[in-house]
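Shared chain: subunit A. Partners: subunit B in the first complex, subunit C in the second.
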Partner chain A sequence: MMTVKLHRTLEAPQGPMSLEVDFEIPPGQLITLYGESGAGKTSVLRMLSGLMLPDYGCITFDQDIWFDSEKKINKRPQERNIGYVFQDYALFPNMTVDEQIRFSLKNKSEKNIISELIDVLELGNLRHRTPVMLSGGQQQRVALARVLACKPHLLLLDEPLSALGFNMRQRLQDYIISIQHKYKLTTILVSHDVGEVYRLSQSVIWLEDGKIKDQGDPKSVFSHKQTSGNFQLLGEVLRIEKADVIYITTVLIGNSLVKVVTEESEAIKLKAGDKVLVASKAFYPIIQQVE
Partner chain B sequence: MNTLKGQVISVESQTNLSLVRVDADGIVISAVVTDTPSSAPYLNEGSVVAVLFKEGDVIIGKGPVNVSLRNQIPATVSSIEHGQLLSKIHLLHEHTNLASIITSKSVKRLNLQKGDQVMAMIKTNEILIADT
Partner chain C sequence: MIWEPIILTFKLALITTLALIVIGLPLAYWLSETRSRIKPVVETLVSMPLVLPPTVLGFYLLVAFSPSYALGRWLDEHLNLQLVFTFEGLVIASVIYSLPFMVQPLQSGLSNLPPSLKEASYLLGKSKATTLFRVLLPNMKSSLLTGLVLTFAHTIGEFGVVLMIGGNIPGRTKVASIAIYDEVESLNYGLANTYSLFLFVVTFVILLVVYLFNGGYLKKMVS
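What follows is the complex of A and B.
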């Protein structure tokens, strides 16, 4: 169990912002910090990893105290045993995939973990390549393998997939799911992609202006109301067009466009860019096999 | 979307399916949903819920009708918005406003006029029950 209580005043573009968070993570769970840019997500990760000093608060991991402002405890980043993966892969340009992973091994006798990670992240064909010969998605897999080789207690993923295209993102999400399954690492993911949050995390903390706006399982946090239509998709409004006495609202769901017939009183409340829940009764969708 | 607020008066469940009856200001609405009280806690007698159905799912009947639909609401046509293909019929049942979207050809065929007494009908599987 990890418990986190953090207070810190941050300099935001619109003036000082007070970041106050208080949450717990059960062992082995993946939780997401979700929110707009500037909500304080990355600052939370930086404080957890010891790169930013909280004004006050405490961080404990199992029985281990990483930070406690009252007891004047502040463990150095390297004593906290954290794996940190950023959007930027930060690989060594002159090292091969093999060497990158080998380099970060703490215990050089644990060579079998290298082949295991190469297996899990399917890097076998790439092990003798240097970063210039790898795609963005491949580089991010190497970055993940390198961090996992340190056997961290806590894995921090700061928007690791946001520089990748849609299909590559989906594949990397699959890798993160299988890593989570295999190593049962306590993991905190920072993401502002609702689909990603749904796919990857058991629990989500929604940060807004440095405060927790809502938390819980993704379904209850993102679908504000429970409905009996168990066909629920999150999307973004692209446009609203009038057609006779009705309106047609085009919604982007994943990478497909969906048109929803909308009544005037609802259509006038919607605008392009709105995040919406598209729900339908289970009676409506037609299922046809395509392969 | 037609949205009525009401109270659940009965729930009959069978595996993952329930037939729910809701009293919405005197209008009793039946809905079949793919949830049960255990998967959706608001499906319990006495719970206050929202009853949602789209305008396009409201059938208009004029004159005596004998059909399978369980939800039949007598109403008065309060106004009609005539479109080229579709028309929107505004309806009033006591204090409840409803709307229906049907083809303009049907409006013509039924000779629907403001003030007409009609039956608004909705199939049970087209009604969504939501927590309030």
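What follows is the complex of A and C.
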């Protein structure tokens, strides 16, 4: 069990922002920190990992105190045993894939974990390449392999998929799911993509302006506990057009466009860019295999 | 041509460069990550030799190391070290004089690396020293080379400080730049020209290698 209570004043572009979070994570769970950019998600990860000093608060992981402002305890990042995957991956340009993974081994005799990770993350053909010779998705997998090689207790993923295309995102989400199942790691994923949160996490913490706006399982958090459709999809509003007496709202769901008939009273509340839930309970969708 | 001043010059440059990598690297590392209030003061002191006339530095070192004053006397009595008009004195003066040429490239090299490299290494459980030698330095080779070569070349080009603190003792403190001055004073232009030409060619080649390496031309030529 991990318990986190943190407070810190951050310098945001629009003035000082107070970041205050208080949450618990059961062991082995994957939770998501969701929120717009600037909500304080990355700062939370940096404080958990010891890269940023909270003003006050405490962090404990399985009874082990990492930070406690009252007891004046602050463990160095090296002592917290965290696997942190940075947004820019932070691969070492001077090392090949093999060397990166070898470098992070705590115990040099554990060579079998290298081949295991190379298998799980399908890095076999890339072992002798340096980061400049890798695509974004490949760098991402190397960064994951590198942090897993030092057998962390906690895995922190800072928007690891934000720079990738749709298909690569999906594949990497599968990797993250399989790794999380295989190693039963307590994992915190930072994301501002609702689809990703739904797909990957058992629980979500919604951050807004440094405060927790809502938390719980993704379905209840994002549907605001109002809708009980038997068929729900999340998407983003692209366009709202008036057609006679009704409105047609074009919604991007995954990489497909869906047109939804909307009443005026609803349409005026929506604007392009809004995240929406498209739900229906009046019909049974037909599922057909296409490949 | 007498080789002695040339050999002495290169010996001084080599020892100064080695001493400065040992002193300059921790200093540059500290400057690149400290938030201390005294950082601007330290940075100013490190950069002073860039603008200060070498004679000023030489004069103060001469006074400080002189056995008539406290520091010089203490060094003489306790460590049996005489630093005025000796090669050891030249090394110390050169180290101070060339300090910015080592520290500044290393400091800017370290500051230009993305902070996430250092942080990633710490989070993999690596110490600051391991991070510096395995992750940071290998990724700033051009800054490292610039620091080493500029220090070496700058020490070859020293004149004022050397003359003040070292004087002109053949085999001990008479480096090539002093020898040139000495030969000109004795109207011995032929030998002065030989020394000058030698220094000209050597420093040209050294700097050319740096620019070729840092501009990536060497790699292009090889491939």
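The rule we apply is simple: the second predicted complex is superposed on the first by the 283 of 291 C-alpha atoms of A that agree within 3 Å, B and C clash if a C-alpha of one lies under 4 Å from a C-alpha of the other, contacts with A are read in each partner's own complex, and residues count from 1 in each chain.
The rule is simple: a contact is a pair of C-beta atoms (placed from the backbone, for glycine too) under 8 Å apart; a residue touches a chain by one contact, two chains touch by 3 or more.
Fair warning: this is a prediction, and the values are worked out from it, not measured in the lab.
Just to be sure I read the superposition right, which of the two partners does A:N81 touch: subunit B = first, subunit C = second, or both, or neither?
A:N81 contacts subunit C only, not subunit B.
Looking at the overlay, does A:E263 come into contact with subunit B only (first), subunit C only (second), both, or neither?
Once the two structures are laid over each other on A, A:E263 reaches subunit B alone.
For A:A279 in the superposed arrangement: first (subunit B), second (subunit C), both or neither?
first
Could you say whether A:S104 touches subunit B, subunit C, both of them, or neither, answering first, second, both or neither?
It touches subunit C, and subunit B stays clear.
Under the stated touch criterion, which partner chain does A:D244 make contact with: subunit B (first), subunit C (second), both, or neither?
first
Answer with first, second, both or neither: which of subunit B and subunit C does A:P93 touch in the superposed model?
Once the two structures are laid over each other on A, A:P93 reaches subunit C alone.
Could you let me know whether more residues of subunit A are touched by subunit B or by subunit C?
For subunit A, the partner with the higher number of touched residues is C.
Examine A:R146 and indicate which partner it touches, taking first as subunit B and second as subunit C; both and neither are also allowed.
In the superposition, A:R146 contacts subunit C only.
On subunit A, which stretch or stretches are contacted by subunit B in one complex as well as by subunit C in the other?
In the superposed arrangement, which is not itself an observed complex, subunit A uses no residue for both subunit B and subunit C.
Taking the complex as given, what residues does subunit A use to touch subunit B?
Listed in rising order, the residues of subunit A that touch subunit B are 225-230, 244-246, 261, 263, 266, 279, 281-283.
Under the definition above, what is the set of subunit A residues touching subunit C in their complex?
49, 51, 76-78, 80-84, 86, 88, 90, 92-94, 103-104, 106, 146-147, 150
Quick one: in the complex, what on subunit B touches subunit A?
1, 31-35, 40, 42-43, 52, 54-56, 81, 83-88, 99, 101, 125-126, 128-132
Given the complex with subunit A, which residues does subunit C contribute to the contact?
114, 116-117, 119-127, 134-135, 138-139
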